[in-house]
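Two complexes come next, and they have one chain in common, chain A, joined by chain B in the first and chain C in the second.
Let's look at the complex of A and B:
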C-alpha cells in the first residue's frame, strides 16, 4: 500500500502510553475535528453571507432565521470556534505540564503556539463579521490599540481595516483576513503540526528502555478511540448548538449609542480588564505580547526535563515552567472573572 | 575576489536573486495593503438650523458623538469620543462615563478617573450665512 498522510499519522502500532486519555486528554485530535467542522460550516455560511456593511448583519439574520438548518450551521460554527480556543488552551497546558515541549519537539511547540494565536485572531475576526450593534466598541478599541504602537501603529491600522472609521469600513478586510489570510495559514501550519507529531517520534513518552509499560496498541484501536472522541465532541456540539444559540444583535445603523453592549468577546475580557488600568499600549499591547513571548520561550529558557519523566503529569524536573504558566493562567482567569463582575 | 570560482559566483548570484525577489515581493505586498480605499472619516457635520437649538439648551448628538451647548456666549461643542480608545461616552448626572474601560470625565470634559489621560476635546462650531450650524471635528 502506498503510504498516505493518514498512515503517517496512524502507524500500524504505537506505544499504548502515547494514546492514554488521562495523558493526552485527546485535545490535539479534538482540535483537528473542530477545525474540520469550522471549515465545512464556514463554507456553508459563505453561500449566504454578504460581506458589505449594508447587508452583512441582515445576511447573518437570513442564515439564522430563514435558511433551513441555517441556525444549526451558524451555531455549530460558533460553538466549534469557542471550543477550539478552550481545547487548544488545554492542549497547550497539557504539553507544558507534561514537559512534552522539549527537543526534539521544540519546533512543533512553536507551530502549535502559532496555531493558537491564529485561532484567537480568527475568532475575533469572525465575531466582527456579525457586523451588528454589539461589535462596534470591541472593534473600535481593538483597532485603536493598533494605533498606539509606536512607529508602525498607523501602518498596521491601515493594513487591518483599510483606513477610515472602523465601524463603517473594516468589514471587507476582516472578511478577507478571516476567510482567506488567516485560514490559509492555519491550514498550512495545521498540516505541518500534525505531520511533525509523528516525525518527532509521536506523542512525547520516555524512551522505550525507561518506559514502565511497553505494550502497544494497533492502528484500529487508535482510530476506534478517535471515533469515540469525535462522537462525544459531536454530541456536545449538537447539544450546545441546539440549546444555546450564538449571540446576535440588531444590525448596526450608524454609530451605536453608549449604552450598547461594550463587552469584548470572552477571550479578550482579561485584556479589556487590564485596559481600565491605564496606558493602552502597555496594558493592551505590551503585556499580552509579553505573555506570548514568555510562552514562546518556555522550551528555550527552562532546563530540559528528566527523560524518564517526560509524558507524565507535573514532573519534578519541570517545576519552574509549571509554576510560571500556572500563575499566568490564574491571572488570566481572575481578570476575566473580574471583568464579568464589573 | 580573484579566487571566486564560476560555480561559487553562480551560487552567490542565485542566492542574491532569491533574497532580492523575496524582499521585493514583501515590499510590494506591504505597499499593496497600505492603501486606504475608504474615505477618511468625515470632519464636517451639518447640524441643521440654529433655531433647533434654543437658548439655553444642551443637546447630545449621536453622530458624531458630541454635546452641543447654546448659552449666552453662543454655541459651543465638545466631543464625546473617549480619549482613551474611542468609545462613545455615556451621559450621566455627574459627567460622562466610558462603557468600555470606565474612564470618567466631569461635565467640562476633564478626566476625573482613568484610564483616559487626555481631556475631551472642544469642537469648533460654525454658523453659515443661512443660520445653519456646522460642526467641525478636525
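Let's look at the complex of A and C:
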C-alpha cells in the first residue's frame, strides 16, 4: 500500500526506543495536536469575536450561548490551551530529565523553549481577549509590570498596550498579537522545531552501537500510535469541554479597573504570589526572567551526559540539572498552591 | 531490524474511535438539552436580550413599561446575552429590585424617565431621595434632641447625606446619620433597632412587613408589578406594623389580627373618620406628601398638609377646584397612569392648596362631588361642608377638630 501524505510526514522507520510511551510520554505530538485544535477552533471563534471594547465580552457570550455548538468550540479552545501549557511543560521536563538537550539537539531545545514561552503569551493574550471583569487585574498588573523595567519599560508598555493606559487600543493589540503575531511565530518555530527533530536524528536515544534494543518500528505503527494518542487526548478534551465550561464573567463596563479577589490566570499565579512580597520589578520581572534564563542556559552550563545514558530517565551524569529544574518546578507549584490558598 | 507490519485491525484504535463517538454524542446531547433561546429586541434599546428564555411567565410589570419597549435589561441590568443564570444575573442592579435607591438612578433614572427636570415633572428620583420617607430626618432629629445629642429639633442628619441647593425649606443639606459615632446609648440603640421604616432599609422579617426598598416600597404591589394604584395594605407594611417603645428603643410588633378595616390601624388611640378607613391612603394624600416635593423637609408634619377641608371645604369656603383646559395638565397624565376617571377637557376637579390635582375627584353639576377610589375603583359621592349644619368654629378647621365629632367609635 502506498503511504499517504500523512504517513510521508514520518520517516519510514524509527528506532522503537524513540517511540515508547513511557519515554516520550507522547508530549511533543500531543502539543502539535493541541495546536491544531487551537488553530481550528480559534478560526471558528474569529467568525464571531469582535475585537473592540464595547462588543468583545458580548461576542464571547454570543459564542458561548447563541452560536450553534459555540460553547463546545470555545471550551475546546480553552481546554486545548490549558492542556498545551501542561503538555509543553511535561515535554520540557522530559527533555531535561532525559538529558536530551545537548548537541546536536541544543538548538532545538532553544526552539522548544521559545515555543513554550510563546504558548504562555498566547494563553495570556487569549485570556485578555475575553475583556470581561475578571481580566481587569491581570491586564493592568501584567502590563504595568512592563513599566517597571528600567529604561525600556515605558517603550515596552507602549508596544504592548498602544496607549497611555490599558484601554481600547490594548484590546486590538492583544488581538493582533494573539491571532497573528504570536501565532505566526508559533507556526514558524513549530515547523522548524519538528524539522529539527528529524534533522537531529529523531528523538534522543543512544547511538545504535550503545542501544540495548535495536528494534525499529514502521511509520504505520508510529502513525497508529499517534492516532491512538489523538483519540485519547480528543476524548479527554471533549469530556473537559462538556463538563467544565471555560471561565466567563460579566462584560466590562468602562475602563478596566481593579476588582476584589482578583486572580491572575493559573499559569501566572506563582508570579502573582511573589508580587505580594515586594518590588514588582524584582519579583514580577527579574525572577521570572531569571528562571527563563536558567532554563535557556541549561544545555550550556551543565555537562554533557554520557552518550549511553541519553534517552533514559534521570541519567546519573545529569543529576545537577535535574535537581536545579526540580527545585524550580517545586517552587513554582508551591507558590501556585500558596496563591490559591490565599 | 525493521518491522513493516502491514495495516491490520487494531482493537485499541477501534475502542478509541468508539469512545470518541460516545463522547461526541454526549456533547451533542448536552447541546440539544439547552433550552431554545427566546430573543427580545426592545424598541428602546434595539439590543437583543434573552431573559425571556427563562422568565417568559412573569407578568408585565406595568402598562407604562411594556416589555416590548423596555425589555428587561434597561431596568434590571444583567448580562443580556448570557443563558447561564449565574452570569446573567451577576450584574443585575439591586438584585431582584432595581429600584433600590442605591441603584435607582441607573435603573429608573434618565432625563426621559424618572430623573428629568422639575418642569417636565420627571424629577421623581430627586424627590424621593430628599423625601422624609428616604431621609427619616424628623425621627432622627427628634430622638437626638430628646437624648441631648442636638440642641434643637431641626433636621441635620438623614439616613444618607443629601443636598438640595434650590431649597425652599431652608434646609440645604443633611449629613449622614452614623449611629456608631453617637455618644448617647439610646441614640445608638435607636440607630440599631429603629431604622427599618425608611425606604432605604430592608423591611423587618415577616409577611406583614413585606415590601421592597426604594421605589418598589410603595409602587410594587405584587409580584413583578409596578402601580400607582396603591392600596392601603401597601402603606400598612410600614405604617401599620406596631410601635416603637422609646424606653427600650425596641420595636413592639402588633399582636392582634384585625378582621375589620377600622381595627386595622396601628395607633390604638387614633381617631378615624369613615373616609379614612374606607378609602385608600392615596385617595387623599398627594404625590408630594408621600414622595416628597424635591425639597428637604425637617419632618413628616412639614410635608403632610392635606386636611379634611381639602376635599370638603369649610362652612365659608368650598374646596379649591380647577377646570381642565390644558390637555397637558398633569391631571391627565396621572389619570392615564391609573385610568379610573376618564377625565376630559372641561372637567372640573378638586385641587389642594398647593395646586396638586385631586384628579380622582370631579365636581358634579349639582355642586356635589364624585370620587373613584384609585386602588379599589369604588364609586363615592360626597358633599361640601358649606351649607350643612356643621357647627365648627371658622378658626378651628384642622382635621383633628373634625375628628372630635366625626370619628367613628371603635
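Everything below uses one rule, namely that the second predicted complex is superposed on the first by the 323 of 342 C-alpha atoms of A that agree within 3 Å, B and C clash if a C-alpha of one lies under 4 Å from a C-alpha of the other, contacts with A are read in each partner's own complex, and residues count from 1 in each chain.
Basically, a contact is a pair of C-beta atoms (placed from the backbone, for glycine too) under 8 Å apart; a residue touches a chain by one contact, two chains touch by 3 or more.
On a predicted model such as this, the values are computed, not experimentally measured, just so you know.
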item: Touched partner set for A:117, first chain B, second chain C, both or neither; value: neither
item: First (chain B), second (chain C), both or neither touched by A:279; value: first
item: Touched partner set for A:71, first chain B, second chain C, both or neither; value: second
item: Partner chain in contact with A:89 - chain B first, chain C second, else both or neither; value: neither
item: First (chain B), second (chain C), both or neither touched by A:155; value: first
item: Which superposed partner A:58 touches (first chain B, second chain C, both, neither); value: second
item: First (chain B), second (chain C), both or neither touched by A:40; value: neither
item: Complex contact set, residues of chain A against chain B; value: 137, 140-141, 144-145, 155, 158-159, 161-165, 168-169, 254-260, 262, 272, 275-280, 283-284, 342
item: Residues on chain A engaged by chain C in the complex (per definition of touch); value: 1, 13, 58, 61-62, 64-66, 68-69, 71-72, 214-218, 220-221, 224, 227-228, 231-232, 234-235, 238-239, 241-242, 248-251
item: Chain A-facing residues of chain C, complex; value: 1-7, 10, 12-13, 16-17, 19-20, 23-24, 26-27, 30-31, 37, 50, 79, 81-84, 87, 90-91
item: Chain A-facing residues of chain B, complex; value: 30, 33-41, 62-65, 80, 84-91, 98-102, 114-115, 117
